[in-house]
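Read from first to last, the chains carry the letters A, B, C, D, E and F; within each, the first residue is number 1.
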Amino acid sequence: MAEQTIHYEDYQLGHERLTTGRTITETDFVVHAGHTGDFFPHHMDAEFAKTLPGGQRIAHGTMVFSIGVGLTATLINPVAFSYGYDRLRFIRPVHIGDTIKSRVVIASKEDDPKRKDHGRVVERLEVLNQRGETVLACDHILLVQKRQAA
Amino acid sequence: MAEQTIHYEDYQLGHERLTTGRTITETDFVVHAGHTGDFFPHHMDAEFAKTLPGGQRIAHGTMVFSIGVGLTATLINPVAFSYGYDRLRFIRPVHIGDTIKSRVVIASKEDDPKRKDHGRVVERLEVLNQRGETVLACDHILLVQKRQAA
Amino acid sequence: MAEQTIHYEDYQLGHERLTTGRTITETDFVVHAGHTGDFFPHHMDAEFAKTLPGGQRIAHGTMVFSIGVGLTATLINPVAFSYGYDRLRFIRPVHIGDTIKSRVVIASKEDDPKRKDHGRVVERLEVLNQRGETVLACDHILLVQKRQAA
Amino acid sequence: MAEQTIHYEDYQLGHERLTTGRTITETDFVVHAGHTGDFFPHHMDAEFAKTLPGGQRIAHGTMVFSIGVGLTATLINPVAFSYGYDRLRFIRPVHIGDTIKSRVVIASKEDDPKRKDHGRVVERLEVLNQRGETVLACDHILLVQKRQAA
Amino acid sequence: MAEQTIHYEDYQLGHERLTTGRTITETDFVVHAGHTGDFFPHHMDAEFAKTLPGGQRIAHGTMVFSIGVGLTATLINPVAFSYGYDRLRFIRPVHIGDTIKSRVVIASKEDDPKRKDHGRVVERLEVLNQRGETVLACDHILLVQKRQAA
Amino acid sequence: MAEQTIHYEDYQLGHERLTTGRTITETDFVVHAGHTGDFFPHHMDAEFAKTLPGGQRIAHGTMVFSIGVGLTATLINPVAFSYGYDRLRFIRPVHIGDTIKSRVVIASKEDDPKRKDHGRVVERLEVLNQRGETVLACDHILLVQKRQAA
């Protein structure tokens, strides 16, 4: 994990990065259920899951989101912080054995209405599976200090 | 975990429920870092965290969201499924030892533009700490089958 | 998890409930070994296990018991508490990939000899696998407040 | 972990052993909840637990049992297997930070009614805390091959 | 876990012991990544691993070492302590599903240059897989009190 | 986690890097014991640990090593692989709540005797606590492809 100061002005619209991949294992299903307390049979009961479309246990949406975001956590920018997420959508199911990566594109920038010395950067985050299909998408809103403010 | 069929028509605007509570422990911090791979020092380094506002390690936003949602997972509704989340916001930090609960209010209902036999139900989810302060808020969008469709 | 006050008088002999199911994974084996410190090769060594009847690793008895009991923990009754268990028996092995459910039947009721305002309720707990076979059975003794005492 | 063959005839009534100790941590509480799915606030909610006798979170009974049994798992006896437990009782609460040990006493021996070449050995298992108080007790029934049968 | 006092003089050159076995599971891979923060795709990405020699995910060297050492931790010697390790080598990859054992041979003994009342005992530790191949080797240096010093 | 090709010729003697920090928690102690099966009371029994120098539970050496190495795993160099470690020494105890960082210095370079197109790079790895004291040291031997070989 490296640290790099990137001011608002230095975020480039359209810039794209792709993370390393990670195979989602049965272990991750069990860990996430135990971590969150959500033991719904859709995630935990292989017999029940035979009755679902796809016929298999389906990953928790919150897990795909958490791991998808975690994959992007490789660079600390001390002048940015996370404001929230918009339009988080669960697009396709993730099954045991799927391998996911995250793609982050700088989608928009705008002044922050409340903080003159900050701007809002929206990162479009897509989680992709091993077939290149988007399984989750969301907009991550960052508040980033402007260089002039430093 | 019980199962109960609740059709679109039966969701009542303004209906509110409050979950049981859960103390967020140092263990949860370590588990979430290990689960997601996000070992940023804001979450994991008590020495570094002394330099932050509040002076302590701060919970991962994805953890507060995942556990906050997990607390609500007590009733299986076989005719509803999760479409996504809007306006997810991290409002206050969660520290080791804080106890959180989730409050869910039925905030709005509308026909689904694409599926005639389903409606959209928006649950307003707020995660509260032991002082009753909102630490996270989001809108959960459910797609729910209409009774007439059954 | 809901809360519901059920007094001694309201437990009905013969009442039966069946929990949701849960697939016992290799992860559960590893977690339970690490949680308890029991790394016996019967549970942890696939090569050794080839020499056992069934030819596979066998779940810890304490794990089948703990998860079997955990599956029933869906309703908080504030006027009942757990006194102990009798006749806990390990009837069939549980292997990786088996899916278990718990069935609870109210088997008997009697006044508590020491506490006039409480009664003893015995829940017969059976853990079943995906073939409907009983893998574990025990009698759970609850001490429950009488309504008249309230 | 060593292996030692001990036949039925070689179990000595009154023989006693005491395990090493283990401090029950907040981590164990969180792991056990996640492993079993039992997130009752008695175990997980420090605020709620202030209203309980003792004013603290209380360990799951199944955890004290599982770890108490696990502490004894130091010697593999290939001619013995676990039949079950009788009279499992939760005698005192275990709190975060308590240190437990297990004491095992050979309490009784008798021929097995069904298997001529085996006998039943009852181990009295007591889990003790750092004040020497018994927190859990049970009778562990072993089926052990007789030497003459070998 | 038993305790046995073994003085320097009582370690016998060439004495060998072999531990019980343990199957290395996908869970162990995920736990070790989460424990150490090392999510390199060689360990975690099944798709990427198809491009490696062997075509599968490879265990972390630090995991094979930690579990290999852990397998030997069955006897507490209160007059010995671990000084360090020399010549730790990763000889063959360990894959998901391999079963490992550790073999410990007393390889050398010598007076400790700094502590007259202690000697150095070198244990040669080899981790073997289910085919009897050495996957890891190292020299464990113990400092052990001499009997005369007691 | 980024990927960067660094050939043998490009490693600079004396180059030093320092990782981010990580607080070693009680959770890490419990996880490592459960992961390795080493439940020695020095690590797990707070009562016993009162009799040790320092009066507290001591981290497993294999854990400090594994996490210390894990902290350095931030950059994938596809032309380097880990050959092993020399002179691994446990210099000071690590206690619950200590915060560690790893410092890596390129200590030596030499041709590999067996592989003409590779060289050996020795990284001196030191794990430091929050007081800047070295708690663990070792020499990490990397085999790195030479640029001319590419």
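Assorted remarks:
Criterion: a contact is a pair of C-beta atoms (placed from the backbone, for glycine too) under 8 Å apart; a residue touches a chain by one contact, two chains touch by 3 or more.
Predicted model, so just to flag it, every value in this text is computed and none were measured.
Under half of the residue numbers at the interface between copies chain A and chain E are found on both sides, making the touching surfaces mostly different. By number of C-beta pairs in contact, C-D leads over the other of C-D and B-F.
With centres taken as mean Cα positions, chain E sits 30 Å from chain D. For the pair chain E and chain F, the distance between C-alpha centroids works out to 16 Å. Computed from the mean C-alpha positions, the centre of chain B lies at a distance of 43 Å from the centre of chain E.
If each chain is reduced to the centroid of its CA atoms, chain C and chain E end up 38 Å from each other. Within chain E, contacts with two or more other chains are made by residues 1, 20, 22, 26-28, 31, 34-35, 37, 39-41, 76. Every residue of chain D that touches chain F in the complex is listed here, in rising order: 20-23, 25-28, 31, 97, 99, 130.
Those residues of chain D whose C-beta lies close enough to touch chain A in the complex are 31, 33-35, 37, 39.
For chain E in complex with chain A, the touching residues are 26-27, 29-31, 34, 39-41, 44-48, 57. Put simply, chain D touches chain C in their complex at residues 1, 22, 28, 31-32, 35-41, 60-63, 65-67, 69-71, 73, 76, 82-90.
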